[in-house]
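Presented sequentially are two complexes of subunit A, the first with subunit B as partner and the second with subunit C.
The block that comes next holds the complex of A and B.
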């Protein structure tokens, strides 16, 4: 799964810790999602989409 | 949020841990004077403390974020595979008289495998927080 979480976070000028606090997860979780090591659960993916105000399929795309 | 989670964890973990340590210390001091009933009482106290600790640990992990829960799941699965393999190997080596392995080695192998697997999985996700 590919995602644009890092880019969207950058647009907002948030650090990983800022985003983690808003999502109520650890900073390590945000880092693992951004680096593609971890695919978030559906509830967390929806939370991310809602936070950035984008459709979920724009943020997360199926990988090769 | 993380500090509150850790405080709650420590607050819940301390009573069963202290009780476990106290019963162990009492056992070591009075082991030669214990009758059968007291020995059974010791075993019941130990089992109770262990169950209590297990419940506290489980509830703590369930309150942690989803990556931490995945990390625990993966490390426990890997630890089970590794420790079951090592203990089976030691059992057969013992049975074939290739090596004398005391029974007390089994929990040490299990704990060692869990710690090793947990560290490896934490390295994979670069996850070092305790909460």
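The block that comes next holds the complex of A and C.
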């Protein structure tokens, strides 16, 4: 799965630690999501979408 | 113009400082919680070893069946507490940390199970089996390696 979390975080001017704190996860989790090594659970994906104020399908796209 | 640039640089420096401080504080908070859990687990593990020693040393001097059973099962109390603390620690983790932990625990649990069956089969065949202490230490080392391996997968 591809995602735009890094771009959206950059737009907000947040560090990975800032985003991790807002999502109540570890910095490693944010890094793993951004690099595409870990696909978040549905509740966490919704939390990310709500935080950035975008629909979930705009942030996360199915990979090939 | 130069004054404006200097002000801008000062503001950028300040913002960078704030960001670094936030990062450090977030890490410290998560670290504090982890530290408390580790301390509780270490204390319980120590209590387990003490109970094990007491049970081992006291058991040969007891005659009554009830007393022997009670002393033999003495290490069970810290074991139950350790299991409860481990479950709590896993539940407190975020989802990726929990996944890493569960992979490591799955490796250790499966290895322990298979190791026990292998030892039992060897014993039945009249072959010498490795000591329980070796298995105890080996599983600890295996847990460490399994965690590292699982963590590297997501780094």
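Quick note on the criterion: the second predicted complex is superposed on the first by the 64 of 64 C-alpha atoms of A that agree within 3 Å, B and C clash if a C-alpha of one lies under 4 Å from a C-alpha of the other, contacts with A are read in each partner's own complex, and residues count from 1 in each chain.
One rule holds for everything that comes next: a contact is a pair of C-beta atoms (placed from the backbone, for glycine too) under 8 Å apart; a residue touches a chain by one contact, two chains touch by 3 or more.
Here the structure is a predicted model, which means the values were calculated and not measured.
Partners subunit B and subunit C clash in the overlay (superposition on subunit A). Using the contact criterion defined above for the overlaid structures, shared-chain residue A:34 touches neither subunit B nor subunit C, since it reaches no partner.
In the superposition on chain A, contact is made by A:26 with both subunit B and subunit C. Annotation for subunit A, partner touching more residues between subunit B and subunit C: C. Residue contacts after overlaying the shared chain place A:44 against subunit B and subunit C alike.
When the two complexes are overlaid on their common chain A, residue A:18 makes contact with subunit C while staying clear of subunit B. Within subunit A, the residues touched by subunit B in the first complex and by subunit C in the second are 21, 24-29, 31-32, 37-38, 40-41, 44. Interface residues of subunit A facing subunit C in the complex, by the touch rule stated above, are 15, 17-18, 20-21, 24-29, 31-32, 37-38, 40-41, 44.
Residue ranges of subunit B in contact with subunit A, taken from their complex: 1-2, 64-68, 70, 124-129, 131. For subunit C in complex with subunit A, the residues that touch the partner chain are 19, 22-23, 26-27, 30, 94-97, 99, 151, 153-155.
Listed in rising order, the residues of subunit A touching subunit B in the complex are 21, 24-29, 31-32, 37-38, 40-41, 44.
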